Every structure is written in C-alpha cells, then in structure tokens.
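Have a look at this one before I ask anything.
Order of writing sets the chain letters: A, B, C and D. Residues in each chain are counted from 1.
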Amino acid sequence: MRAIPSANREPRPGAASPVPLIATRAVAKHYGAVRALVGVDFVLAPGEVVGLVGHNGAGKSTLMNVLAGTVQRSSGAFCYDGAEIGAWGAREAQACGLRCIFQELSLCANLSATENTRIIHASLRGLGWRRRARALITAALDDIFPGHGIDPDRKVAELAIGERQMVEIARAFTQTSVPVRGVILDEPTSALGHTPTEQLLAHIRKAAADGIACILITHRLNEILAVSDRVTVMMDGAAVADRPAAGLTRSDLVAMMGSIEAHGGTGRAIGPAADGAIVVDHPGRDGADRPICVRRGEIIGFAGLDGHGQRDRLRAIYAATSDVPVAYVAGDRGAEGVFPLWSIADNLTIRSLKALQRGGFVVPGAARALAEQWAARLKVKAPDVDTPILSLSGGNQQKVLFARALASDAQVVLLDDPMRGVDVGTKQEVYALIRAEADKGRSFVWYTTEMDELSNCGRLYVFREGRVVEEIPGAQINHARILEASFGGAQTGASHG
Amino acid sequence: MSLRLAPWSYGFLVALVMWVATICYSGTGSAIPTLSSALVFAAFSVVVGTGQMLVIASGPGNIDLSMPSVLTLAAYASMSIMGGSDAMVLPGLLLAVAVGAVAGMLNYLAITALRLPPIIATLAWSFVFQSFAFNLGGEATLKPPAALSEFTLWSIGGIRVLPVAVMGLTLLAVLVLKRGVGGRQLLAVGQSERAARLAGISVGRVRLVAYTLCGMSAGLAGFLLSGFSGGAALNMGDTYLLESIAVVVLGGTSVAGGQANAIGIWGAALFFNLMATMLNTFQMQAGIRFLLTGALIILIVAIVPRPKAG
Amino acid sequence: AEGTATGDTSGKKIAFSNSYAGNSFRQVMIKSFEAAAAKAKADGKIAGSAVVSSNNSVTEQASQIQNLILQGYDAIIVLAGSDTALNGSIKEACDAGITVVAFASGVTEPCAYVVDYNLDSYAKAELDFIASKLGDKPANILEIRGMAGDGFDKRLNEGVNKALAAHPSYKKVGEVYGQWTGTIAQKEVSGVLPSLPQIDGVLTQGGDGYGAAQAFKAAGRKLPIIIMGNRQDELALWKKEHDATGYETFSLGATPSVSQVAFWVAQQILAGKQVPKFVEVPLLQINQPDLDAWLKTVPEGGVVNAEYPQDLVATIIDANVAKAPLPMVPAPK
Amino acid sequence: MADTALQRRPRLTSALGSALQIGLPAATLIAMLAVIFWIRPSAMSYFGFTLLFKFAVPLMFAALAQMLVIMLGDIDLSIGSFVGFVTCVAALYLDEAPLLALVILAASIAVYAGVGLLIHVRQLPSIIVTLGMSFIWLGAAVTLMPGPGGTAPRWLVAFMSWKPPFVPLPVLIALLTALIGHLVISRSSYGAVLRGAGANPRAVERAGWSVRTIRCAVYAAAGALACLAGLTLTGLTTSGDPNVAPAYTLLGVGAVILGGGAFTGGIVSPVGTVIGALTLALAGSLLSFLQVPPTWQIGAQGAILFLVLAGRILFSEHRS
C-alpha cells in the first residue's frame, strides 16, 4: 500500500545529498531564561536515517518539535527541501510530507485507529472515507508490524500502550495525496515490546531504501547503531558531534555523549537477600498462576513479553500490600506519575508527607531539604527544586518520580518500567542506586521491557498470558532462558535473532 | 512582566474600583457603611465558597450544586431543634453542621456508587434535600434564638465580629492547603487521580472529606444566615448556587482541579457584593444590571493571567 | 344568576398547576388549595383534585399542563410562571373543553378566566397610606421590587409609577429587587442604603418588609414607613416597634388562599354559574387597630391568610359582575 | 505476534458497549412511557404522544447544543438564558421585522463563536465565561422585553401544531435530528476531527488542524441549535419570555450525560442525547401522573433522576 515517492529517491546512506530534505542553521529556542536549544546545525538528506542521541534534557525533543512545526524557533534558519522557510507550523509540515511521532503519544484516545488516521489526512473525507482510512491503517500496520492483531475500529483508549504506539507509528507512514518525505520518531520504542521494536527497526531501513528520511531518537543505543546511517549527538541544547554510524561502537557513542558507561555494574543482588524477612507474599490469581514472594533487600524482576500481565500484577501487589510501606514508580509519567501544576519539590515529597509533618502540617524546611537532597542524588537537571516539573525534559521528570519513591519510607518499591526515556548515564547511576538501596534492606519489584535491565535482578518471574509461568533464580538469568520461558518453551522465537 | 499581580488579587482590585465608584456617586460618608455591609454579606459567600472550593479543587468536574438546598435544610433542622431557645444554640450549630456533613457524604456516595458526574448527582440530591426542607415546616420562616441573632450582628468597637471570624476560617483554609497534609493530598488528587493513587493517597477518602467539608460549610452558612436574617426560609439559599461557584473561580481557583485559592474568594465575594451595590446605587435598569454583571465576570476571568499547564 | 350555583359537579376533577413551591407563601397556597379541595370532595362537590408544582421552570409547567389535559381533568387552575409562555398549553386545554382559571398571574390567553388582584390599587393604597402620614411634604421613597422579568412585579411596578405621578412631591430615590424574600431584601437594601439619603417610605411587594427593616436597623437608621406585607415576621416587627416607639404603618398583601378563590371559581363555572373573564380578588389589608387580632391568627414565621369558602367566592364573583365594591377580607375578632 | 494478539478483546464487547450506551436510556424512556400508559391508557395515541413530547422538542435542540460544547470538553451555562433571549427576539420581531430578527439571531450566533474564540485564545474555563454570558443574554432579553409578551409569528405556531400523517410531530423531529446528528457527529469524517479535538486538542493541532477554528465553528453551531430551541419554544408558547428556559441549561447537561456523553471531551452521542432529552422531558411530567404529594414532588424529581441515571453503573465499569 505504501506508495513510494518517485522523485528524490536517492538511497545513499551516510552521504549528504545535494539538496538536503532538512537543514537548520543556528536554530535556537528559549523558554524565558531556559535555553532549550542554543544554536543547532542539523542536516537530514532524503532517504537518510539519522540517529539522535543525548542526555535527558539535551534538547532532542525540542529540536524535533521545531522541525515538526509544533514549537516555534526563537531564531535561526530552517530550510526544507532546499527552500528557506519562514513561518512553519504543523499544517505546513503535514503538507510537505513531514511526519512526527512525538515523545508523548499523540492519538485521540476516544477515536479508533481508523478515525485517528483520518485526523492526519485532510483528503480522507466524503463518502467511503472510513473504508479508505481503515484500509490505509490496516495496510500500514500489516506492513510494519506483521501479526499485530490490532482491530482498527477499536477505540484507542481500549488498546494497550504498546498497541497505541504501534498505531501511531503506522499512522505516520500512511500516505494519501502528499508523499511522505520524512518521519521523525521521538523515542518510539520506549513503549514497544521486543518484537515490535525489531519490526520497526527493519521498517525504518526499508522506508529509507524507499527514499523516506527518518530521524530516530532513542536511549537504547543498540537501536541507533542498528539502523542509523549517521549519528548526531546533542548536549545542552547544541549538536556536539555528528558521525557516520558505520564502525561506531556502543562505547564510542557513550563517549560522544560525554558519560562513561559504568562497566562491571552488572553484579547481581543475590547474596544477602535470600534469607531476609518476607515483605511481599502475593498469591497467584489461580492454580495456574504462581505466588510471588519478595524478601527484604531483594531485587525481583518481572520478565516476559510486553503486556502479558506484569503491570496488572504490580498493581495488584500495590493494592494488596498494607503491612509494609510500599511505593510505586509509574512508567506512564504523564498519566500516572507527575502532578503537573507542582514544582519538583512538591512532586518529590508528596509520598513522604507523613514523615515530614508535625501535627498535620508539613514542616517546610524538612520538606525542602529532602527534595534538594534527592534531586541532587538523582542529578535532576533543573535550576532549583522550585522549578515546575513540566518544564523538565521527559527523562528528568522520570528521575523526580524515582526520587519520590526512594525518598519515601517505602520498604518495597514497585517499578513499572521506570527507565522509559532515561538516558544511559543516568540509568547506570540509578541502577547503582537501586542496588545500594537494596543493600540497605529495601526490596524492589521491577518490571522492565529492557532485557538488559533484568541483569540487575536477583530473581525473575516470567509472565505469559497474564500469569507467572516460571521463576528464574539469579544464577540462571540469561537471555535465552527468559525468551524460552516467555514463549512457552518449545517455540522459542526464531524471529528473535 | 515584573509588575505581575497574583491572579487572586484581581477580585480585590475590581471590588476596590466598584467601591470607589459607589463613593464617588454617593459621597464619602457612605464609604465605611458600604464597605462594612459588603464585608458582612461577603462573609456568607465566603463560607459557602470555601466549601465549594475544596470540592472544585478535588478534580476536574467536581462541583456541588446542592449547596443552596443543604444550607436551607440545615437551617431548618437547626431552627427546629433550637425552637428559639438560647440554651439550644450549641446543639443547633452542631446539628446544622452535622446535617451538612451527612448531605456531603450522600453527595459523594451518589458520585462513586452510581458513577454519576458530580454536577448531576448533586443536582439530584439538591431536589431531595429541598423536599426535606419543605416537609420541615416550609409554610413558615423558622425563627432563630435571640442569642444567635445577636452573635451575627455583634460588633466590637465598630468592627463586625462575623466577617473577622470568617477571615479566621479563610486563614485556616490557606494554611491547610499550603502546609496541611490533607490539603496537599487534596491538591494532588485534583491534579491527577491516578498519580495520586499511586503516590499512596486514598483518593476516595480525600474526595469524601472534600464533599463532607463542603456540606458542613453549607450547614454553617445556613445556621449563621438564619441568625442574621431572621430565620430559616425556603429560598434563603437560592442566591448561593451560582455565587458559590463564581466566587471560587473568580478567586483564582482552577476549575480543572488541583489548585485552590482561599484568599481570592474574599476578593471575588466583595466584588459581587460591591458590584450589586454599585449597580443599585446607579439605579440602572434591571437589564443593564444583568448585562454589566455578566460583562464584569467575563472581564475579570479574561484579564487574570493564568498559569500555563503544559 | 346571583348567588352560589348548585349544578352537579360531584363527578368533576380539578387540578392545580403551580409554577413554584419554593417559598412559604406558595407552601401555604398549596395547603389552602388542598384543604378546600378535600372539604369539597368530602361534601360531594368534586370527585378529585391534584396539585403539580414545577420547579420555577415555565417549560416544565407547560408540559405538565399538557399532561393534565391528557389525564382528563375538567378544570385546571393555574398559577402561571409566565404571563404569556403558557398560552399555547392553556389554549390546548381550552380546546379540549377544559375550564382554565389562571390566578395571581396576568395570563393573556383569552380563553382562560383570570382571578387576580388589582395591582394598580395595590400600589395606590401603599402611596395613599404614606401620604396620610407624611402629607404633601417632599419625601424620599425606596421601592423594593420582586423579580426582574416577572409579570406580577412588572404590573405592580407599573401601578407604583402611576400612583407616584399622583404624588409629585415624592421622589423615588432607589429601587432594588428583593424577590419577595426577607434575606434577599435585607442584602439588597443594606447594599444601597449607605449611598441613599434619608428614606421616608418603603414600598414593598410582600415578604420583603422584614428584611428591609433589618437593613435599616443594621445601618443604624431610623425606620421609615415600611409598608408591610403578608408575613408574620413583618407584622411582629411592626407591633414591636409600635409598642416601643409608637411606630405606625400598615400591611397590604396577597393572600395565599387566592388559590381557594380560583378553585371555587372553577367549580362555579363547572356548576353553571356565569362568571366574567376577569374576577378581581380583594387584597388583604391590615390597619393598626386590627394588628393584634391578625397576629394571633398567624403561626410564628408564617403567612397571613384568610379562608375563602364557596359562598364568599360566589359573592366576590357577583360583586365583580355588578362592579360593586368587593367584600373586604374581614378582620378576625 | 502473540504478545499483542492476546490482549485483544473481542470486538463484540465494544459494539455491545456502544449499543448499551444507547440502549439504556432508550430502555429507561420506554419504562417511563409504560408507567404512563398503564396509568392512562388513552395516552397511547397520536394525540397522547403529541401532548407528552411537544415540549421535548426545544429541549432536544438545547441538549444537542450543549452536547456540542461538551464534546469539546467545555460546558455552556448560558444556553437556558440564551434560549429565553431568542424567544424574546422571535416574539418581538420575527413577525413584524423578520429581517431584523434574522440579523439579531445571526449576530448572536456570531457572539457564540466569539465566546468560543475567547475561551480558546485566553484558555479560560468555559464554566465561568458562559456563566457570565448567561447574565448577558438575560440582560439583553430583559432590556428588549421587560416582562413576558410579544407574539409568535403565525407560521411558527402553525408549524409547531402541525399534525403530520401517522407520526406525531415531536416524534418526527426527534427521529430526524437524531439521524442528522448521528451522521454529522458520529459518522462523518469531520465529526471524527471534532471529537478528536475535544479529547486531545494537542494531537489534532499537531496534525495540522486549527483547534481555534474548530472551537469557533462548534460554538457557532451550538448557538444555531440553541436558536432552533428558542424558535420552536416560541412556536409552542406563542410568546416570548426572558425567564422561560433557565432549566434548559442543566436539563441539557443531564440529557447529554444520560445519552452516554462524558465531560472528558470527545465522548458524546447525538442519538443518546436526543433520547436523553425525551426522557428528561418525560420525567418532569411523570410526576403529574404519579400523584406525588406536593411537598415530595421535587424530591421525587431527584429520585427519578437517580433512577434514570443509575443504569450507567451497569456498563461504566469497563470504561474506567
């Protein structure tokens, strides 16, 4: 279904074409005193895949928003397809075939995938529009995510978060009257499971071969290395490095980003935990399910394919645990994590009010001290703790949510895929922090969609079809074993190369 | 940008303008009496508004349309039990507040148990509460004990006690919202129910408390108002339906929830009273009064700078 | 035919469509109707009755009248929430052969019988009383009106303006809307009072005199002549002031039992009596000498009321036909 | 892949859900009619339907106007007094100076659009802006017409008392408006954009639409529907009255909610709203059939409201 633009098809990976699709010069964006972009030069050739990396708050999303016309640059020049662009809004971007998958989901949850497809296509109207829209989105989904199983007529609100992400990605590649020239993907994989991620990466390469330029932002550096022709690194609002991807290694990337990946940090927290007191003992929902038991100081991982009941089980444990204090770190920070009207300090201390109060009233000095202490420990990038949380980058918001749990009296911390959008350097620090806290006697139950993270765990529960199907002790944790359990033994996915 | 007024101060500012306009029209001699009368009537609006504010702050869509009928019902109940006897004033107060509390709980119960939007649930309850008042002797105005009337009119050294007492209530609300654990929890719930739940806050309990306190404030207002105005009458609460909402919103509380401003209610309540006074003083025609009232309300919300979310 | 018509109405049903029940005046009005209807039923004069109140919503009242038509009532008495907005429904009822008696409202649909006070004379009596006390000296008048947009208020206000023309030395210096409610009258009057000169007389519509007096007292002003209405608290305050300072005023008001007049008018029409399209009802007037006697008949906080039995209503109808003076509501012994 | 396929709930549930959404208010309506017909069998006739539902016609339009505003995540507290204003304009001028009447109505629709614009540009809470507007419309109406009066044009009265063959007029109008509303809001391609704009304006904006234009247009459409409410009401009452319809504001909200709408924006059903309006109109009259004692009548209204809406518990579970 995906038509290919006849012109500009010049699949020359890595090389800048004579007429770049996008070229910016000294683009800057200020929010009051905050300088989100300080002067970015950025080029994207037709059919090229550029990987964009950088620490949280580096300005990646801001740059993408400028390109997509949803944020107006404060200064700087912007050329699209060789033409100097003055006013550039979402409408112009759409009309020129530039699509963007934003970091936060941008679908209308009350509409179906079909209707959401209509939203981005002005020409999908008149009699039979619904049939045409359904055909378009279905074809795109089938093309990118074969076997996706998504009903295009279901309300998006009823889809799982991964399914929504798939719909939004597929929608960006649908095409009607205007040929798709470029697609920006701002952390598209953070909500995707393993298989859809692989499928997407494959599709990006295919699209590039068809002449569609892509920008991919992700903190999973392997993904960048897997698909990019070129890698651009951003730091503190500027593009600081730009290299062909060929020959780059993961550690090269990390070095370019200015943080050194902590090695040897994969030591597992098995030791002292095993004989600690039981803090969570949660029965399975039926005979086929298994009980979950967590001891003091343990780090427990929830593995399995995305959306197989891990999150529901976390919620159930959260609801059922009342004898020890428990905290929950949500991955869906927009809907379940942040209090949007509040500052960092207010957001950070809300879980600890009981400890900070005297006679029903919060002691201001104590609250502030706690907030400052933990914001510093997690290196939250902000002028001070009175900064409104929404003006932080996605990853920094996530750090505040982490700090909220760690600063509290919780003995058990439930982690619901909490590293979504957190940059590599910070991740390593947080891993270390979790292990340190576990050593002090806190327990963690950690659901993650990132296989690598499971290596931090002392023990895993693997989920399939809503139930725990296997428990893997620390010594036996490895990729193959997890996949085997996730797929139910025999049919270990050949598709997972 | 440096000279930026707090959103809640606009009500006071406009109220001040109305006050000055009234004085200009009718002479400086009217300045103090006009203000003093506005303060007293504003005090009733503030009691009701403070309750409404708690509910509105508890999350988008939360609102209590039953306040006028709760106010009336509580007034009827307490006037009945006091039977005009000074000795019964305290039980009367307790009963009025208790009736309000029960009404608030019933409101919240209908909202959660029947999953109704608050605007509908509280409207339906308001009909029921009104019926109860009809049956508590609606053919007559129930008279208050003398001690209660005297209290509501009491002044020390020319200063009316009632508004000052209500200012104390406002300060308490400010403190609780800013520093109180309950206040923080309320504002958290108001911003994001799901995030609040996952931050260990008992969402149901917080909202229940908000509705209960709202009912209690209606009960208190009914008690005081019947002392002040010579008894409980069936339609005594009518004016507080829209006013309770308007003073909250004009006072700088966000209808989207999660943010509340107790001091601003005073500004807005003074604005409402002084506006009525001004329009009455200018002897405007009824139609023009309505037009100006509407235009001023819109003007105030439109000029107040509001915090951008997102 | 003079006197009470005696045609057989024992099989007839009469309904009362009321626009609003939310104040004590209306509550007493409903009770008065129910009492008369219950007695009539016991006496075999009607077969049944019903009361339906809408919640101050004209559209709801209109559709309730439609339903009363459907239920087969023979007569409907209507206290209309609007002088004109019920016309469509009333016409429909008339067309279905139903007797419609609109009361205490200026319904304009010609097929309906109207039972109402003469609001011009209401206003005239108020000003005449003030003139009897103050003479022709210049005086400042404050008018407390009912509700903006309401028909009763509009007609009474027109009467006030006519009556004021007859007293050129009087100046209306203020006007507020008290909505026939003590609390609201008190609030509105308190608001304007500081900016008003000395007030000599206050015109009211009933239910608002007590609130006005409270406002004057709170402002530390001398009580002007406040025409009192039909509420007990108004009379009680008057008496208290009279006992203390010799304060004199008088009370004028609508009686809630006007619903009984409408009821009997409807019954009489069904019984075959010739009734004019407009039946004027006397206002209830209380003068200083009768004050104590009236006060004794009213429960504390209640509304002054009078009984209108069948024969008295027939007399009122006859007086209307004969253009004779209406029988006054007699003071209690 | 298996990992997502398994999450899929059968499509049937979804379809059943939306059928239930319409079915519930419809069932409530039928139940109430059954009570009335049981008390008064003669009401089950062409004449009976006409009498029972006549006054539901303007309420229906007012509710649909409210629905459009709720669709955007807003609320309109001014509809009731706007309808009153329209009846005054219609009763004063429509007969004698029809052009003037049309100009005033067109201008007031433009004011509605302006309110939408103001709310959008200044990001104001609709609840308070429209509260202010309610005073403005009332003031305008009282200025035009200090008390009830005027006369409706004959053709309007004639239309509202027209007796079409077989189907009573109110039923006919209800069917037509429900159908048109369904086609425009629930089926058309622009309907999808409008509902999307209510639920996630940012997403729609990012797709290149101007949510500002959408808001203006939808408010204007709401104004136009409210004009229809005022005109049909004038035809029924044969006159104008500033205070005729304050109840339409909240009744309209009730109808939208009863019909499956939600305040979150983007979730509305025109068919449900029409049924909701019919139901609430009937709820008011049910009382007169039930012979509830006067002091409990208003309480009974509340109880009926609870009963009518309580059905929502049955299916709202799976939505949360």
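Everything that follows uses one rule, which is that contacts are C-beta pairs under 8 Å (C-beta built on N, C-alpha and C of every residue); 3 or more make two chains touch, one makes a residue touch a chain.
If you want to know which protein each chain is, UniProt gives these names: A = Ribose transport system ATP-binding protein; B = Autoinducer 2 import system permease protein LsrD; D = Ribose transport system permease protein.
Quantities reported herein were computed from a predicted structural model and do not represent experimental measurements.
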B-C against A-B, pair bridged by the larger set of C-beta contacts: B-C
Report the inter-chain centroid distance for subunit A and subunit C in whole angstrom, where each centroid is the mean of the CA atoms. 72
Determine the centre-to-centre distance between subunit B and subunit C, using the mean Cα coordinates as centres, and give it in whole Å. 33
Nearest whole angstrom, what separates the Cα centre of subunit A from the Cα centre of subunit D? 43
Can you tell me which residues of subunit C touch two or more of the remaining chains? 21, 27, 55, 148-149
Two or more other chains touching the same residue: where does that happen in subunit A? none
What residues in subunit B touch two or more of the other chains? 127, 130, 134, 138, 254, 286-287, 290, 310
Going by the touch rule stated at the top, which chains touch which? A-B, A-D, B-C, B-D, C-D
Flag every residue of subunit A that touches subunit D in the complex, lowest number first. 68, 70, 89-95, 100, 102, 106-111, 115-116, 118-120, 122, 124-126, 129-130, 145, 147-151, 153-155, 158-160, 162-163, 166, 193, 195-196, 305-308, 465, 487
Within their complex, state which residues of subunit B touch subunit A. 175, 179-182, 184-185, 187-188, 191-192, 194-196, 198-201, 254, 258-259, 307, 309-310
Could you list, by residue number, the parts of subunit B that touch subunit D in their complex? 60-61, 65, 110, 113-117, 119-120, 123-128, 130-132, 134-135, 138, 242, 245-246, 249-250, 254-256, 285-298, 301-302, 306, 308, 310
Considering the complex alone, what residue numbers of subunit D touch subunit A? 1-9, 11, 14, 187-190, 192-193, 195-196, 198-200, 202-210, 264-267
Using the touch rule from the top, collect the residues of subunit C that touch subunit B in their complex. 21-24, 27-28, 31, 55, 148-149, 174-177, 179, 181-184, 186-188, 190-196, 210-211, 214, 218-219, 231-233, 299-303
